[in-house]
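Next come two complexes built around chain A: one with chain B, the other with chain C.
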Partner chain A sequence: MAPIFQDVNLYCLLPELVLLTGAVVLLFVRGAGRGSAALPVAATTVIVALAAVPLLWGERAVGFGGMIVKDNGALLAQALLLITALVSFAAAADALPERKNNGEYYSLLLFSLVGMGIMTAAGDLLVIFLGMEILALSLYVLVGFLKVVRAGMEGAVKYFLLGSVASAVFLLGLALTYGATGSTQLVAFTAPATMPALLPAAAVLLVVGLGFKIAAPPFHMWAPDVYEGAPISVATYISVAPKIAAFVVLLRLAGESAGPGREALTGAFVFMSVAGMAVGNLAALRQTSLVRMLAYSGIAQAAYILIGLPALSAGGAAAVSFYLLVYMFMNLGAFASLAHLSRRRTGTLRIDDLAGLASRAPGHAFALAVFMIALTGIPPTGGFFAKFYVFKAGIQAGYLGVVLVAVVATVVSCFYYLRVVMVMYGEEGGAGLRGLPAGVTMLGAAIGVMVVMTILTGILPERFLQAASAAFPLLAAGM
Partner chain B sequence: METAIFWGLSFCAVAAALAVVFLRQAVNGVMSLLALMLVMAGLYLLLGAQLVALFQLIVYAGAVLVLFVLVVMLLNLERKPARPLLYPGKPAVASLLALCGAGFAAILRWAPPPGGGPMGGAVKPAPPIEQLAIDLFTERLLIFELTSVLLLAAAVGAIVMSRKAGDLS
Partner chain C sequence: MTLYHFLGLGLLLFAIGAAGFVIRNNAVVLLLCIEIMLNAVNLILASFARYLYGAEGQIFIFIIMTVAAAEAAVGLGIVIALHRGHGTLAMNRIKDLKG
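Take a look at the complex of A and B:
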């Protein structure tokens, strides 16, 4: 009578298994400096996992009794996450000390990729929670990885304390969901609940836990300190990867919800969106540190993306995933450009330090300018169409007020984004920063690709939008 | 009878939790936490979850709390001059918490659980341990395995964090 679980479908976890193997192997990699095998092993693992994505594409592999649903949306998110990791690897070569053995750094990064892969593919709230915890625990340590940097340790402790509270709140929401529906499965959100009054509270608590990950106000306090204290390669990664994963979970949550739970979710999204646009943009205006400015800009960008979530019926899912794609290119590019500039600096990189960069390193300055223009949302970059599609979905779904706030916020954001461009091109002096060395470097190649993709998504937006809506067919069809 | 025990234990739990937050001596806080753990075990027993209650006693009260006490001893905290219990901001936090509590109470008031009692009906008989194990390794296999990944990541992180800053290997 031995009961054997019939649905052990390891195939649907293929990318995660590859990453997990790599993470364990990296723990045994010895050696430091240029001769270290850590970076090649980590990069190879990520590329192999990336190769598994087209293998699974279109199959909608379901495993473990519906706990893992590796549909195209999950795979698209996974591809974005793996690309993010590769770019952060390129930045890590500059950010990490050379004489140290960095095996654990890459190992923890791969662990966090495993966690996010599970989050994006989960059909069960408990699995989402475990994925979030795997992600969070790895990130706490990565933020404080350079223990000699005091700001890094401070950021790590703040991130850890606030993150633990957010996880606990998410868990409480999970418990209430279980109490209301008798199941932890995501699909249970649509089922008639035995205690429907609990569902709104449950939905809001779940969103609080996820809102922390995307740094949406009022759960954004950690972001600037963590970005500034963390090694720049980790900041690059944190500013993009967890947001992609959390937004995919939010998309699923919003798509599965119905009735009172849905109304509570919509209210929470609208509140976080408006608050994020106000807080992010106004605080970014006052920053002198580049990384802090980008941290607040990230809060504002997440708030723009949030507009698409209540507008699922008007193609919000495709708009959100398109925005995530473009956000990945422009934000990764911006942080990667800073990675080289801020290397071997003890203090923070201020915006004024960039003065005269255009004459010393024209290519580098051009790349940074493209990313800033894209983040503002000016055509012909992808940033314009990303905002355009999200705003369009918002208006069609009847959230005109939120979109109006977003338009005003965008105008405000011109000031701080374009100031970077003005300082680079219009002023002389500065801190004598050097651009990337001549010749092909990994970081240079990564920045180049990001520039091309940022512009390409602005020239052929329909192509990318169609691909994005194909990834979320159920949500795009209109719930 | 069960209802009376439930309310008694709940009251003790809230009181102990408040004591953890408000007591100024670290040792007193830890001891209040211990009381909280024991009360929680009692609540689990009341729900018919003997195994969970047992684990609560062994793992939390037995192992985790001992660690806490040890750390408090190692830190060798000095007796600090008493600071006022109400620092600015605390009233705001307290009122926010009260609001949350009132919200939950309202939700429970509007939607009484099907059974009517505070525990949602009759106490179910505890499933035998065998059934628990079967559940864990069949239906919830993935969750079980993911927990091991989580622990592995945590272990790696703990080693990275506890290594000395100057240690290169």
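Take a look at the complex of A and C:
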């Protein structure tokens, strides 16, 4: 028998190993996880992991007998995830109270990054499941991290219960895939199946289970409650990072599927997309709280991205990854602005509280306005081109009906996104915003970078689109 | 006894767990429903492994059991913290968040 170690190849998990080391140091090394030392240690870990990404770029490192495939798509996703984590660190430095066990917070966040790294690089459904659970178990705890906040515990328990059911649904899909093909490898979807009748059901269950992570119907109900209850830095992170990871997995699933499973998969994507646009936009219209509005807007944004998945052959893969890139900049920016405005205040920030922000903090109002305009999809921001490419791919692949729904949904979304801008610039005398931090803060700098990138992706969309499609060459060409 | 008997039992158990999750109200009972669903999946994997494909599927069960144990540990911790904060486990009485 050949020794099994030959195909392990730990090198392909280099960023994950760095993150794991950092997380363990934060947990167990005396001094590292205490007080003010925790944040620099965690940030250094993430930056070192980020530096490991270019090392692996273009190598397509394969390990664990093909269960981990670190291709450029996985690395691009990982870079986005690590940047998201850095921004959420900047928000956490403001939002978390000065306590002794902040090391646990950063340690859990690093563990969730490990989970997502495994998810995005997995070549096997079981490994995807393990990555999902490492991610989910860390996030359940993070949502309820401030135990004294009642709303936080409520958010955590809702997130945990729905998330566990979603994992069970995903597992049932995994079991049926195994029953149909005798294997849980992603490539097995294209192989001839022993029991092909099970494949459509398996595909739908897998997608619905993953849909929890991107807050797509039927598992979308948690999003507003969790975003409102969780510490704002965690909400910032949850609104972006798990969605990127889950969309990369969905891209792989859609790219590997064929035959009866493919039709069922397309049906599931179309249903989740249309339902998400309807639920997200209609519910966002009647929100008074800014964070709940952003939560429903996130549901709608994920629904727009879903249009690109059945249209992989028509450039959907590049469109989806470009949208994810832009979504990261604009949504991260919006949540970071929210974190900046609501630092350590009790109670939620209402949209009406923003009145007169333009005259009191013009720079800040401008940043939030840019993010709102980008989320609506108005040029010259990246949000316009993100939507344009996804809709174009959808039309070319023959999903005109879905794209029409999406266009109507975009028009509806103008009302609630632009209302924020109108309140900031048109009205005076909001009561809720005393004591904004003055001077340059870490979070303020992060918001500035997000503004620049949101506009830059709108000015040079072709550059970013080419980079995105280069990261997923197999998906773009092989369909 | 054929493969379809075991598959039917597994799917039935999964449906019972899912129905219980929708109907019941107590957070601990919801945890139990999730465990039923996970074990239904284990049964399905075991029957596929026994009748069609060999031992690989039975190894999956160990992995799933490990994850389920970790999930139960985190879940019970959250439920205890919830009970300390709210004094109840009835999900319909825990609703500070809405909009």
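By our rule, the second predicted complex is superposed on the first by the 457 of 479 C-alpha atoms of A that agree within 3 Å, B and C clash if a C-alpha of one lies under 4 Å from a C-alpha of the other, contacts with A are read in each partner's own complex, and residues count from 1 in each chain.
Just so we're on the same page, a contact is a pair of C-beta atoms (placed from the backbone, for glycine too) under 8 Å apart; a residue touches a chain by one contact, two chains touch by 3 or more.
Every value quoted in this text rests on a predicted model; they were computed, and no experiment measured them.
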item	value
First, second, both or neither for A:Val423, with chain B first and chain C second	neither
Touched partner set for A:Ile68, first chain B, second chain C, both or neither	first
Contacts of A:Gly144 with chain B and chain C, given as first, second, both or neither	both
First (chain B), second (chain C), both or neither touched by A:Leu130	both
First (chain B), second (chain C), both or neither touched by A:Glu154	second
First, second, both or neither for A:Gly182, with chain B first and chain C second	second
Touched partner set for A:Ala367, first chain B, second chain C, both or neither	neither
Partner chain(s) touched by A:Leu205 [first = chain B, second = chain C, both, neither]	neither
Chain C-contacting residues of chain A that also contact chain B	126, 130, 133, 137, 140-141, 144, 147-148, 194
Chain A contact footprint on chain C (complex, rising order)	7, 10, 14, 17-18, 21, 27, 30-31, 34, 37-38, 40-41, 44-45, 48, 52-53, 57, 60, 63-64, 67, 70-71, 74-75, 77-79, 81-82, 84-86, 91, 94-97, 99
Interface residues, chain A side, partner chain B - complex	3-5, 8, 20, 24, 27, 30, 32, 63-65, 67-68, 99-101, 104, 107-108, 111, 114-115, 118, 126-127, 130-131, 133-134, 137-138, 140-141, 144-145, 147-148, 194-198, 201
Residues of chain B defined as touching chain A within the complex	103-104, 107, 110-111, 113-114, 134, 137-139, 141-143, 146-147, 149-150, 152-154, 156-157, 159-161, 165, 168-169
Interface residues, chain A side, partner chain C - complex	126, 129-130, 133, 137, 140-141, 144, 147-148, 150-151, 153-157, 160-161, 164-165, 167-168, 171-172, 174-176, 178-179, 182, 184, 194, 224-225, 228-229, 287-289, 292
